[in-house]
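Structure record follows, encoded as structure tokens.
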Amino acid sequence: MNLDAGIPEGPIEEKWSNYLEHVKLVGPNNRRKYDVIVVGTGLAGAAAASSLAAQGYQVKTFCFQDSPRRAHSIAAQGGINAAKNYREDGDTTYRLFYDTQKGGDFRAREANVYRLAQLSTNIIDQAVAQGVPFAREYGGMLANRSFGGVLVSRTFYCRGQTGQQLLLGAYQALQKELNTGNLEMHPRTELLDIVVIDGRARGIVIRDLITGEIRSHSAAAVVLATGGYVSTYFHSTNAVNSNCTAIWRAHRRGAGFGNPCMVQIHPTCIPSTADFQCKLTLMSESLRNDGRCWVPRKKGDTRHPAQIPEEDRYYYLEERYPSYGNLVPRDVASRNAKYVCDDGYSVLGDQGRAVYLDFNDAITREGKKTIGERYGNLFDMYEEITDESPYDGPMRIYPALHYSMGGLWVDYSLMTNIPGLYAIGEANFSDHGANRLGASSLMQCLADGYFVLPQTIGNYLHDIYMDKVGTDHPAFKQHEDSVRDDIARIMSIQGTRTPLSIHRELGELMWEHCGMARTAEGLKTALAGIEDLQEAYHKDLLVPGVADGPNQVLERAGRLADYLELGHLMCRDALERNESCGCHFREEYQTEDGEVMRDDENFQHVAVWEWKGKEDAEELHKEALEPEALPPMTRSYK
Amino acid sequence: MRLLRFYRSAIGKKVVVALSGGALYLFLIGHMLGNMWVYGGQEDIDSYSHHLRTFMEDFFGYGGFLWIARIGLLAALLLHVVTIVLLVRQNRKARPEQYRHKHRAARTLASMTMLISGPLILVYVVLHILQFTTGTVQPTAYEEGAVYANLWNAFQVWWIALIYIVMMFFICLHLYHGVWSMFQSLGINNQDRNKMLRMISTVSSIVIFVGFSSVPTMMWCDMLPPPTPKESAQQPVVQGPDRLLVQSEGGHDEP
Amino acid sequence: MKLTLHIWRQANAQAKGKLERHEIDGISEEMSFLEMLDLLNEKLVTEGKDAITFDSDCREGICGACSLAINGRPHGPGQGCTTCQVRMRSFKDGDEIWVEPFRSGSFPVVKDLMVDRSALDRIIQSGGHINVHSGPKPEPNSIPVSHPVAEEAMDASACIGCGACVAACPNSAGMLFTSAKVSHLGLLPQGQPERYSRVQSMVHQMEDEGMGGCTNHGECQDACPMEISLAFISRMNRDYMKATLIEPDQRRGKLSNQ
């Protein structure tokens, strides 16, 4: 497997301009001769598709939603980082690079991260020009807020709906291109296969989710912008339809999968209460500034929290981390909540897992009004969902999955190891290493979509239009048939297990063994468990309805096959990485005080997995990371 | 033609409805204020009616001003009705399949009954003109120009008084929604003004209701003195077209 | 909690639909309405029956995929929330609930509770954007935007495009949706160059989609999960009047003939 990242020469701050100076281009009058397929129309996909169409390429977009505006980028709340230094508080491109790289525990590719920091300022300019209503100060200038553990104020925001507003900007740009005739949109379609001919990505096979028809589309290049894969865990903050099918099917056609075990867990989410809960809702991390985490000292203490006296409360973060208390980093907070629940102190008893986040002290100290002003909307959201007011008693919270740093391996130009196949946004692995900083995901999606891909894709396209391959090529027919066979097989099992039940079981296994804290033994248990589930899937699956019409159970079943395989790979990757770094915490590798212990000597690399067929185990390749601008250091919170 | 293009759109039609409705609304206010002469006594109201005919006589001739107003109001009414018919047709087409379970959240009694109160008012206006303007329909004694006496005679009959009061309620209902809608359709509404505009429409529709219905109520309850007979020579004889007019809605020379 | 559900089943856009009765037991108050439907679907699937098709995605009230009316009200009971945010505690044990798709001539039913809302996308396509492409842009602080204007634009821009306004309107009008986008872009300085052409093309597209006109009931505002104000409709009316009646629409080559 060729893992040459193609990083340009020169000092880190000149790499991107060096790249641009030497990149090959396609002339404006030739661009209409190239079809480009963009799968997924969230922030990254819509931004890329609209930019490419505006340049003159013939772009086709595909998404499973009924409209691009519904992609899950819309749910991002907090904001977007940019090193504008509007506050004169010492922010620079280098500092944004430094924070991102350190936050990712030095497991990201330096050149990509630095480019991201450089492009961050352009994103704000672009979004404002599109009419994104960023918050403004009274003098009319853009407002900033500070975010997640950095020392500067560099986050731009639109109330709590930043992701929505940025997505609408990109979506509108996309709708606009429909008028030029350069763009063709295929909503309610799902990618089921990538067609690779003579080593180049030449098109895709999709299923029309309304008619059930299997169709192919050919193109000079295929761009995947299909987001992350934490839906593998069943319960996550992702949308219920977010899935890994596109990147996984690309992986099965030869694209390397980078760092699959790197997924981020957010410490403060509303825990699952109802059996049939399908989704976890995230509560802003800022709550821990004033809330105190505790559980009762006695197991199974069923008293109302207000009636539990101080001496019977276990403020586990304050006791274990006296200096940082409730403000320990995300991963530490998450892990400790898990530990106390593992020990049987969950405040939901047998009903589920949760800890208290108590605002009583803050309310007594600063008054209900002050606390209400600070967290009012979050408290309302909590009350809407749980029917309990955080003013009267503690919140119940528990960590939940919400982002995947891993994804398809890409080089500096965002191309996977299959020529002509690109991966952008959360779908690739490149910029966040082992842990992502808050307000960085929007930044990465838009940088990839608006500014990187439109300038790098010409380098691949400039010489391939001469040998066009259409959907009449036999390979397309062959791929279509294999997809049809797959669907027919799924429909014909007619067993007893619903896709939902298998998925939920997979989620429990993954969460238990490949979640916040992992052990070699647990991962092996999970691997065996997943293999059992795969067998249940192939022998005992039940999918009613028809294949030639809307069938949401069938859609779920198809995605589940990929979750099972990807879940297996995630466990293998976690097992293989014998170190702790960022969100990947192996219990065997921790310092005396329970911090992550990195092993730079043996694991300063990206683990890239190659599919070897259904029967054979995946093969591990390594892309060594060679930090020059910022040598790795210990990530200390003391 | 830009005007035609404007009228072709639903927003353009709404603006036409708002403007024509606004003209009728202003007329109603004027009409109601005119009615208040009743409280000045028989003398006052009769001479007010006469004054309307002689207003700007030098310029338009006797009754000329009134005719201009009548034509204007008729045009407004026609525009109002025709445009609404066109809009209703478009709106009906927009939802072929109805909800099986009906639900109402923000609709008020007034807004839901616009298409009932509207035609009722139209019928009423025609009858009202036939009764007091042209005298074509004479359920009670009628004399040209003797405004006070005509009113008094009519409102001694309980069902005529009742019909007038009930119809005033419908007009009030129509205005309650219509006046605010007018501000909304003309783009006058915004977040800051909304409360005030709602207030204007509520208060003015109530005032119009109270103002108009007070006359039949008080006459029926004998709270106003009966008319004194007087020589008809005081009034100039009206001839010609006024008598021939059958369906002019604007012909409100008497309250 | 035990409930009786009357759910709209329709095989496709052409087929005739009907209400289907389902009894469901074991509902807990914490469940969301859609989780209740998930539970019902799981039951149907185990019985080998066709599951009820409905759109949903983010399940936290921001994507706008929910497209069903509960007891005749788009997004069901509760102010300012979408179907996925409705909790079962809004209902009582033994309640009968009617579940229907958003109903409008411009939202044809795809299947069961799933509707085709591409009309809204076409309205945005007709003009709901600013014509810029990616590349270097002026420094954003070089064009100050006053705080209240930015906030008002954000109020309008909060629209999630669910179409509840169209579904709630007795005339199935798209005025609130269209006016929200017209106002968002029309308020900001970046949207000024296309302000008047935008409002015309969007309004005309809205009518071409077969949507009705506004009769100012305010049902749209009431059903809107983002609580977008009717005042934006008034603003759009004003802009439309100005655009069609006052603003010159063809400048080129006209001046020399005066």
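For clarity, chains are labelled A, B and C in written order, and residue numbers in each chain start from 1.
Please note the rule applied: a contact is a pair of C-beta atoms (placed from the backbone, for glycine too) under 8 Å apart; a residue touches a chain by one contact, two chains touch by 3 or more.
No experiment lies behind these values; they were computed from the predicted model shown.
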| item | value |
| --- | --- |
| More contacts between chains, A-C or B-C | A-C |
| Chain at the geometric heart of the assembly (C-alpha centres) | C |
| Between chain A and chain B, centroid-to-centroid distance (C-alpha), Å | 65 |
| Whole-Å separation of chain centres (CA-atom averages), chain B against chain C | 39 |
| Gap in Å, rounded to a whole number, between the CA centres of chain C and chain A | 27 |
| Complex contact set, residues of chain C against chain A | 11-12, 28-31, 34-36, 38-39, 41-42, 44-46, 48-51, 53, 55-60, 62-65, 81, 85, 87, 89, 110-111, 114, 116-118, 120-121, 124-125, 128-141, 143-147, 150, 153-154, 157-158, 160-161, 184-185, 188, 190-191 |
| Touching residues on chain A, where the partner in the complex is chain C | 47, 50-51, 54-55, 65-72, 74-75, 86, 122, 124-126, 128-131, 133-142, 158-159, 161, 164-165, 168, 171-173, 175-176, 178-179, 187, 210, 239-242, 273-279, 281, 384-387, 450-451, 454, 496, 498, 500-501, 542-546, 549-553 |
| Chain C partner contacts - residues on chain B that touch it in the complex | 2-3, 5-6, 9-15, 87, 90-108, 111-112, 114, 177, 180-181, 183-191, 194 |
| Touching residues (chain side chain C, partner chain B) in the complex | 6, 8, 19, 69, 71-73, 98, 100, 103-106, 152, 168, 170-173, 203-204, 207, 210-219, 221-223, 229-231, 233-241, 244-245, 249 |
